[in-house]
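To keep things simple, chains are lettered A, B, C and D as they appear, and every chain counts its residues starting from 1.
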Amino acid sequence: MKKIVLIGFIALILSFFSIAPTQAAEPIKFGFLHTLSGGVGQVYGVPDQAGVKIAVEEINKAGGVLGRPLEMISRDDKLKAEVGVREAKDLILNQKVHWIQGIVSSGIALAVSAYCKTQKVIFIDTVAQSAATTGEKGHRYVFRITTNTTNYARSIANAAAKFWGGKKVFIIGPDYEYGHRCKKDFMKTYTGLVPGAEVVGELWPKLGTKDFTPYITKIMSSNADFVYTSLWGGEVLSFTKTAWPFGYFDRVKMAGQDWGNMEGLSKMTRKAYPKGVLGGSHYPWWLLDNPINNVYYPKFKKVTGMDAGLAAASGYTTVYAMKKAIEKAGSLDTEKIIDALEGMVIDSPVGPLKIRACDHQAMWPFWVGPVAFTKEFSWPHITDAVAMDPPDKGYRTCSEIEAARKAQK
Amino acid sequence: MAVNDVSLNIEEGELSSIIGPNGAGKTTLFNLLTGHLLPDKGRILFKEKEITGLSTHEICRKGIGRSFQRTNIFPRLSVFDNVQVAVMSWRKKSRNIFLRAQRLLREETDEILESVGLGDKTEKTAGLLAHGDQRRLEIGIALGSHPELLLLDEPTAGMSPEESERTVDLIQGLAREKGLTLLFIEHDMNVVFRISEKIRVMHMGEIIAEGKPEEVRANEEVQRIYLAEEA
Amino acid sequence: MKSFFKQRNNGKAVGLLAAFAFFAVLPLFIGEGYISLVNEMLILAVAASGLNLMMGYAGMVSFGPSGLYAVGAYTTALILIYTEIPFGLALIAGPVMAGIISVVVGWFCVRLTHVYFSLLTLAFSQIIHTIIFGWYGFTHGDDGIVDIPVPEFLSSITNYYYFSLIIVCICLALLWMIVNSPFGKTLQALRENPERTEFVGIHIRRYQLAAFVLSGVFLGVAGSLYCGFNKNVFPDFADVMKSTEMLVVCLLGGIYYFLGPAVGSIVYIFLDKTISSFTEYWPLALGLVIIVLLIFMRGGIVGFFSESVAAMKERGRAKQHVSH
Amino acid sequence: MNLQGLVIQLLSGMSVGMVIFLIAVGLSLIFGTLQVLNLAHASIYMLGAYLCFWISSMLSQVSGSFWWSLLMAPLLVAMFGGFLEVLLLRRIYGREMLDQFLLTFALILIIGDLCKLAWGVEYHTVDTPWPLDKAIIFGGLVFPRYNVFLILSGPLIYVGLWSLIRYTRLGSVVRAVTYNREMANALGVNVPLVYTGVFMLGCWLAGLGGALVAPMSAVMPGMDMVVLIDCFIIVVIGGLGSISGAFLGSMIFGLVTAFGILVAPRLAIAFGFILMIVVLIIRPWGLMGKPER
């Protein structure tokens, strides 16, 4: 027995090093690097993987790219930056992928982006939202095909000014850079729209808080005009469930960018939902009527059984964007692909998107509207949703980006 | 278990014992002497210097060594290492991180092991030794810190008669050859009366009798206690 | 007897040299991607061996080694991005800072024992994590610090691999010296029986603190090396998960063997990488591996092998006896 | 802030404390008797939450589905716990702490992935049950009935446990085993059975905590880790192994959170650790614990 284990071990270790990287033959390889296990990240990573798979299957069935099939090499970053970089190295150096896409955590995205820069490999961020990735820390090899925090803050501030316009703002957000950045961006835009607006109170529950009772009671006893929140993901659901019986949503006005996404809303019932909250969504598929979404969404729903699909829509779009860029470039030369991507208009389930040449950010729109129940659906959703028109308004201008990058140096 | 108003005076070079029924406070007395317990009142002097309130490692450094009632060795270290640790500590080498311990103080350690009769078992793992060997090893560890006063808590407990005999010889030898002052707790009266120069009897936390073996044997109170106990 | 010892030591020396040579020529045979992975194994080996000084040798189970690892990494990173201090000095500053922090943390921790000690170390590492995570203006919070400037000659994977190989060897040699020194032996005695150790005249708190700080320094070295290796640092270096990873590594290799943690790191990263490229359910697999190890391979891998080897030798000897 | 606000804040703090009490007390109980610090305790709690969700969605047609699942989920969790104890934990009693630590850590990984396999990565939740789905309104104070229910169930469980340990035959057996395992064994107590029983009781409590949290929160992957650290903090503050300590610790924890955010909202992330370090330094064995021998 012991001998068998011993030999097995040695064989395993030897086999590991003998896996020679297969020569770049037929398929065009790309890396899908995402959080597929551990904690909250997988709520985005797992559906994204499904979306990408759907795109790859569709493309390969239709004859591939430049006559070659696509091959997705999927890796788990475990929501740890060091693992993210380790897997990025493996994908680039050993698997020789042509681009990497995915990533939910902004920190990991920045790290992988920095590594891809040194290796001159394209990295496309499909979920992580930190504006810095394509802003201050942007470079030639990084792209983003999703929204970013600037768009959140601007869209929500616009809607809040339009719907309410109060001067006393209360802030609640998760206690890390994302939450603080959102507050700063939000207040900057909002004070521009409503001069004299100020923060009258703020709360910073630690990331992952399950029981918001004391936070809710504190907010309810403040006399703010409305609350801006950057709570996201599961915390949207937790907060709502705890707040509802207090009659919170009848008494307090609240706005938050993640409060219109299906990730949080799809499981809510009429017995507890963020009634009247100004929520935002990257992908309000029930409002969209375009040929791509009409085909893609039913397929996604059929494959995964999920309603929540903001990450998947980005992943799906990204694969098609790369197909278009490679075909336009006519080769797999990274520099040519980048040139092709810059300024290109790509098709997506949310409509045509322009990839801006100056910062490689897709002009992905962001919809904001009050959350309500309608007769059409069995879950709450944003109604009267409006996005910035054109979507570019939600993002910093090219000159702002340039200034920010200069200030960074 | 309390110790009350105990006043005892141990002469240099003396081989003496403490006896008394279970719960008399003998081990507690040892614990007070070695700093494992702090006395509420009173003073402990060693070589005319106050050691009351010192921590155990300081008391050990002053020259008091001890073996424990429950075997107290380093079970997963080798027999050699068990004693060497004590010797290194005594020689103030323990803090050194540059020397190779393997080559250090071999002779001195071997000598001690030889003297407790474990010279042929130095490479064995201490925890796997027979009970009697472990007890002797414990004395060896105590000797490693070169005590002037050695306190032994039931050194022959749980030993077979032959083992017990060997241990008694060892104790006597130590007292004679190294000139140690020895104080031991013992339940085996044969051992006590055979080797003690002086016997102290404890009962209910107090010393009720003290003297040469024959004096103690004749003491009425002692007889009463022991007879009562056996009845 | 004497010659026997000599022989054994020679055997060991030859083995170690062979291992070194193996690692030294590795870049000739495998690609940079794999070399980078081996480099990670080497760095983790330093961290785990450093931790094991405290855990395996001194018997102090820390739940928070990652805090000190992160201190090392962040010190180097912050110096490199905010100042002009050369890389070499920044690399030394990491372990020095980790040592200083461990004096402070250790001073509180060694006053407690058993599970309380472990929990207090956990609390301190969480505090370090919280500081790194929250102090965005200085540490860049959860964005981590990326693009850390590293000298030109160290920026290629292979060069950095050789650089860390040398440092790792030095660290392991130092650790080897420490565990075999009187101090190391005293720590083992302390692990076995603190009460008795105190009564051979050892001030145990002071020794525990020393072990804690030495461990901290080596964890700091590993952190600093990692900072230069990936040119980035992240708050999850101070995470509970990172601590657990180090503990698993030590156990996997065998905490009562000097090379246990080093072997553990190699096998751990290998398993981790292989399993997670097959399935996203790697935690399930890793969990099962740990349980199997705990129940069937108590001494860890090194323990298992050295016992197997001993058993084989024993059998060989028995056979000889029979043939005589 | 007015008096009304302070009262509400007090109630919220108690509500937070009582939920975490149910989880922490199980951890403390298991440690007290088995001498095992069960890192997977919070995963057991997560399992309770998932099972509560699962059972109540299976029974969604039945009236009072939540109450059924509140009854069944903790029992299932307790059975699972008993299975773990007999199959795995039993093998490592008396081994070093590190081994126990790693075994229970492995269980965190395994239970986490099993939940993911069974229920996916989406968020789930449970409707607040009738008749607790309304709020109590009392002179301008609004406070949900469900939270009142939580505040009441905490002390109820505490008193129940305390009397169980204090006054019943079963309790005296548990105390005997806790005090001296060998002695209890010699006196004819079936020690392994007591261990299994106590472990199951601890798991039942964690499962109950999970089931009670489900209606007011999201049931999702990763919900265990945050709670685990909070539980550590509480049992350390109160004293490992002490039921009263867990109660006191939870109360302090809840109140410090509730009032702390009024004073220093930016420090919410560190409240627990600060408390824990202060307690460990002044009274290393916790407020209600006993010093080690």
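Going forward, a contact is a pair of C-beta atoms (placed from the backbone, for glycine too) under 8 Å apart; a residue touches a chain by one contact, two chains touch by 3 or more.
None of the values given here were measured: they were computed from a predicted structure.
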| item | value |
| --- | --- |
| Subunit D reached from subunit B - shortest hop count over touching chains | 2 |
| Chain nearest the global centroid, as defined over all protein CA atoms shown | C |
| Inter-centroid spacing, subunit D versus subunit A (mean Cα positions, whole Å) | 34 |
| Distance between chain centroids, defined by C-alpha means - subunit C, subunit D (Å) | 34 |
| Distance between the centres, which are taken as Cα means, of subunit B and subunit A, whole angstrom | 72 |
| Residues within subunit A bordering two or more other chains | 37-38, 42, 46, 175 |
| Touching two or more other chains - residue numbers and ranges from subunit C | 134, 281, 283 |
| Numbers and ranges of subunit D residues touching at least 2 other chains | 112-113, 116, 225, 269 |
| Chain contact graph, described as a line, ring, star, complete graph or other shape | other |
| Those chain pairs that satisfy the touch definition | A-C, A-D, B-C, C-D |
| Residues on subunit C engaged by subunit D in the complex (per definition of touch) | 55, 61, 63, 108, 111-116, 118-120, 122-124, 126-127, 130, 134, 240, 244, 247-248, 251, 255, 281, 283-284, 286-288, 290-291, 294-295 |
| Complex contacts: residues of subunit D adjacent to subunit C | 31, 37, 88, 91-92, 96-99, 101-103, 105-110, 112-114, 116-117, 225, 229, 232-233, 236, 240, 269-270, 273, 276-277, 280-281, 284-285, 292 |
| Interfacial residue positions of subunit A with respect to subunit C in the complex | 2-3, 5-6, 9, 12-13, 16-17, 21, 36-38, 42, 46, 75-76, 78-82, 85-86, 89-90, 92-94, 105-107, 110-111, 113-115, 130, 132, 137, 175-178, 180 |
| Residues of subunit B that touch subunit C when the two form their complex | 34, 55-58, 60-61, 66, 68, 72-77, 81-82, 84-86, 88-90, 93-102, 104, 141, 144-145 |
| Subunit A to subunit D touching residues, read off their complex | 37-40, 42-43, 46-47, 175, 201-206, 208-211, 213-218, 220-221, 233-235, 237-238, 241-242, 244-247, 263-264, 266-269, 271-272, 306, 308 |
